[in-house]
Structure formats: C-alpha cells, structure tokens
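Take this structure, written in structure tokens, and hold onto it; I'll ask about it next.
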C-alpha cells in the first residue's frame, strides 16, 4: 500500500490543500437555508459540486505523475496498473469520506435540519465514488493538469446548472431535462429529494445503484488508457 | 575588446557566488565557459548582461563602462537561454518577427533578417508551424533563431544543446562556427567537453565563483600534460591494495572503477613497473592503457571528481 | 516605446489563440445565459421586465470579474518564467512591456464582454439600454479586475496563489452579491455591496441608466472609477518594486 500511503501524504502536503479540503465542509455547514428552494441548506445542496471539484483536484496527482514521467517509471516497477489506480482512488475516497462525515455529522451537531442524516451520508458517499471515477475518466483524456482543470471548471458551471444543483430540474426545458438524466448530479438531486420528502426504499436504492453504475462506467473508461 | 568583467563580486545574501572575476571577451572569439554545477556560470552571464547587479567591480560592454546596459548596447547582444523561451502559440515566423521588432528592426530589413535567421537554423520550411508542435530540437533551433534575428555582435549561448538529438546538436555547432566566421563573438557555456573542444578558441574554467584557469584547449592540456593516466584492468580488483599504490611518490590519484584501476601520476615518473608489481602481488593484470589527457581531464583535475551536490563517487 | 508597441499585435494574437480562455470567458457564459433564457422564459421581475434580462446582464458582468486571469497568465508567462531572461536582455523597457501586456489583457477582456453584449442583445433580445454606456461600464469593470490581479501578482510570492486569490476575488464578489445564496443583511456586507463590490457597482450603474436615473448611475460609475484609481496607485507602487 505504498502508493496509497504516499498519495495521502501528497494530497495533504501543503497548507493550502489542507485548508481547501477540510475548511469548506465546515464552512458549508453554516451556509444559510433557502426560503422555498433548496430544501436542504445551501452548503449541502452545493456539496455535490464541491465533491466533483475536489475529486478532480485530487486525481490531478495521477496527471502529475504522468507529466513528470513517474507513471512511466512505475509502469516498469512490480506494481500493476490496476493496483496503482486502485490505491490512488482509495486514498481520494478516504479524504472524501472524511469530508462527508464532517459535513453531515457536523450539521447534526449544530442542529441543521438534514431530515435523514445517515442516508444523506450514504448518498454523498456513493456520489463521491462516482465523482472520483468521473475524475479518473476526465484526466485520462488529458496530458496537462492545468488544462484539464481549466476545461473542467468551465464544464462544472454548466453541469451544476442543468444537473439540478443550482436550480430545480423541473424548471429546465424538456430537452435539457433529458440531458440532465445522463449526469450524476441528476441522481444526486433525486436522492436529496428522497431524503427530504421520503419515499420507497427501492427508489433510494435505484438512485445509489445508478451512481454505482456510473462509477463502474467511468472507471472502465478511465482505466482503459494506460497512463504512461 | 567586446566585453569585460573587472573585479566582479556577486553575493546572494552571505553566499559568495562570483569571487573577483576578471574576464575579457575579444572580438571574433568563441569562449567556452566551463564549470561544475554551482560554479557561477549562469550568474556570470546574468551579471554580464545586466540581469543582475554586482556587489563590486564593473562590466564594460562595447567600450561603454559607464552605462553598459543601455539600449544601444543591448541591441548588440543576443542571448540564447538554457530553457526554451519562445512563444509556443506563435508560429516560427511570428516568434522571429516578435523579437525582430523588439530589437528595432522594421520593414524590409525585418522581413529579410527573419527569413535569414530561420534559414540559418534550418527552419526555412517550417515558418508557418506553431512552435508548440515542434520537436525539442526544432524548438531549440527556433530559440537560437530568435536570438540571431537582430545580428548581434555578442552572442551568449547558455547550454544551447541540452536534451536534443545529435543532428540538431551538430547543426547548432556548425552554425556557431559559421557565426564566428561572420564576425560574431560568442560566449558558450556547456557541460559537453567535446563541444568546447570542437569550437572554442578560448576556454575559461570557473569553479566556486573563481576563474581557475583559462587559455586555448591545447594550452590547458599542456599544463596538465605533466600528468600521466594509467588504466590497469585487473582480474581481482577487490584484492588490490590502493593504499600501497597511493604511497608511491608522484602518484596523485588512485581510483578503482569496477575491474579497472586508474592511476594519475606525474609525467615520466617511471612508476609503471612498480605499480604493476604492486598490483600483481594481489591480482592478475588483464590489460594496461596509458591515456593522453583531454579537456575533460583538465576539467576534472582542476575541479575534482567529487560530486558537487553532496554525493560521492 | 516603439519597440514595446511592436509587441502588441503578437500579444493579441497569442490571446486570440488561447482556446482555454475563450472557452472559459466566452463559450461558457454563452451556454449558461442561453440555458437561463429557456429556464426563465417569460418570467417577470418586480418591475415588470423580463427576469431574464437581469440574469443575462449579471452573468455578463460576472465573467468580467475573471478577466483578470488573462493578465495574470500572460504576466506570469513573460515575466516570471523562463522567458523573463530574454525579455530582460532585450532593449526595451520592462515596466512598459508589463504595462502593454496588462493593457492587452484588459482590452481582450473588454472585447469578450462586448461579444457577450452583442450575443445577448442581438441573439436573445436583452435590453441593455445605451450600448456605449454599457461598454463603458464593462470596460471599467475589466480594468478594475485586471488591476486587482496585478496587485495580487505583485504582492504574493507564489504566482499560483495569485491565481487562486484572483478566483477568490471573483467568486467572493458573486457570493457577496447574493447570487449563490441569500446573504444576511449585516451592515458590513451592505456597505461592501453598496460601495466596494465591483459587480454590483457595475450592475447598478447599468440598471439605473436604463431607468434614466443618470445621477444614480453616475454615482456608481464614480465609485468604480475611485476603485480603479486606488488600485492603480497600489499597482504602480508594488509593480516598480517587483519588476
């Protein structure tokens, strides 16, 4: 688990990274609630976008390895491509788990109305898995960390808008609603609605199932291309 | 005389980087500036071109010691940077045009000089290609073209052949010789001894901020020709007593490298017999080679064989 | 001076070929504004105008806040990287060259703003009022954002940190304006939004002019102008030291 250990170290190596990773969930707890929408406080509504952003930032380490030729060195080392990726992704997931725990149970501690905090945590965790896999897929198309980040930043605002994070999906034209279904944020929004309004368990299982399906799909696409 | 550094001292905080450097660069010379890592070569270049101020001493450029770095003197200097410093998003022609404009070239003269500079470095057919799509060697050649476009009198080349293919490197060395034949004075820094041996009319070796020697390649080699280098290939290197060899008078250095023992002695010391006798006591002798010194030997003799960044051989 | 002027066409060519910047500051706002066009449809605001107009105007101004990133990128590229040596040795004034890059960045940002005004006005029928006034305000906003970016470059050691802080400036203005979530009515925040937040100063200058309340519009324009003067002085002092 050498790669896992060092990825964790590198992820929290500098103070700025540490600040971004762990301050935002704390700040998010204290963001206000909307009057009519969203039904969760804003920090929880926007947390999905934060997870996507952090997933990409963390997986930038893999791109850095590629840019610096470290991936090439590792490709001839006695570590399989699968093991290298798995250890990286596990490290990123651990960081996201911590953030989700801080956000959800911090909110419970400070008396925020989260309806069903445990299921909210589960939802955020499955979304985190899908996000990390999405980030892996994203970086597999790029050689340069800066460019991948900049293009993603431009995409993220569009994803946030049509994915049900910034405005309710029902307000979008039909065409865009159909497009929204293909985005993981759509399922996150649906899951949040289930947590707030309740419903059958199979609905929640469907949401999480779709996110896990997305995870496998993105993982397959992202790991097909060898990084060296 | 094109340029001179007189009594130059440069410090970064308490660290002395250049220690009373005196250097004259005469017209038409190619000066090869050598030195180990951290010797002060880049700092010397920066002081010579005005990128750094000096703590003591003065720099004279084109006879001007009062304001050496004014624009009329800068117009006559070209700098080929170690890192490739061109605009990747511009084409080769646009890059050359940019620097031509910066150096005051206009109109037809600019067009002519740009075409000449690109042709000179072998990029005449790639003028419309974007620099970011060039190979490493092509980018280095464009880097040089951008420094030549204004026909500088003094061209400073800071390791211009780092990391490029042999063809490009060869092209660059030929180009440097051509430039000299046209009257350009060149200050050339490199780690590759064979480059300096091939082109330099004078060699300056810098170490720990001081010029430890200068002269032509032949002069420098003759200075240490009082040394002989004997390479003995042995069958059992681990058995050979280096201390016994080192104890011989006139033996300067004894180094074991795999199954070879390298012995540096004074010239004509006549120790070959005794050295072989000592070695044969402990091991068989497979082969012997006596080497004539080259510039690399001069360099290593004067600057030592120890790694400069904390390592050891 | 002439030599610096000769570099300007090439700086502008470089900016026009920067596809990432065009994506971030032109394509993305076009996409977002168009989506809002369909979302908001015929919805009206409290004054009886289409709510979409306010959104389109605000989004156009929001992306001007990030125009300073263009200046940061090119200053970094030319003056804080390997190319710095070549520029230092060249027979031209370094401060003037830095100024030329900054002006090109500002001009490019204004041009992108103009394209957005054109798109929203012609393509989506947004009513901007007097286009010259709008472009003037957009220009002021672009200049201010660029000057803020220059202050960050010159006062922070790490250029990456300057870039991040520039993003914080942009996002901070958007957050304080209450565009992401409602901001509580604290006196400090009200003061900032009324006198300091360039996004709201510009938005108010445009919207008051549209309502023919020119004296109010001029007040907001004046506040933007004061901001520019103050930031310019800071840039001048810091820049001479750094460059």
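We call the chains A, B and C, going by the order they appear; numbering starts again at 1 in every chain.
Going forward, a contact is a pair of C-beta atoms (placed from the backbone, for glycine too) under 8 Å apart; a residue touches a chain by one contact, two chains touch by 3 or more.
Quick caveat, the model's predicted, so the values are computed rather than measured.
The most central chain, judged by the distance from its Cα centroid to the centroid of all protein Cα atoms shown, is C.
Summarising the inter-chain layout, the chain whose CA centre lies farthest from the centre of chain B is A.
Across the structure, the highest number of inter-chain C-beta contacts is found for B-C.
Between chain B and chain C the centroid-to-centroid distance comes to 48 Å (mean Cα coordinates, whole Å). Chain A and chain C, compared by their mean Cα positions, are separated by 30 Å.
Chain geometry summary: the mean Cα position of chain A and that of chain B are 52 Å apart. Against chain C, in their complex, chain A makes its touches with residues 16, 31-32, 34-35, 42, 46, 147, 150-151, 153-154, 157-158, 161-162, 167, 171-173, 176. Per the touch definition, chain C reaches chain A in the complex via residues 20, 23-24, 27-28, 31-32, 35-36, 38-39, 161, 164, 180-182, 184. Residue ranges on chain C touching chain B, taken from their complex, read 2-3, 6-7, 10, 13-14, 17-18, 81-83, 85-86, 88-92. Within the complex, the chain B residues that touch chain C are 46, 49-51, 71-72, 74-75, 77, 79, 81, 83-87, 89-90, 94, 97-99, 101-104, 146-147.
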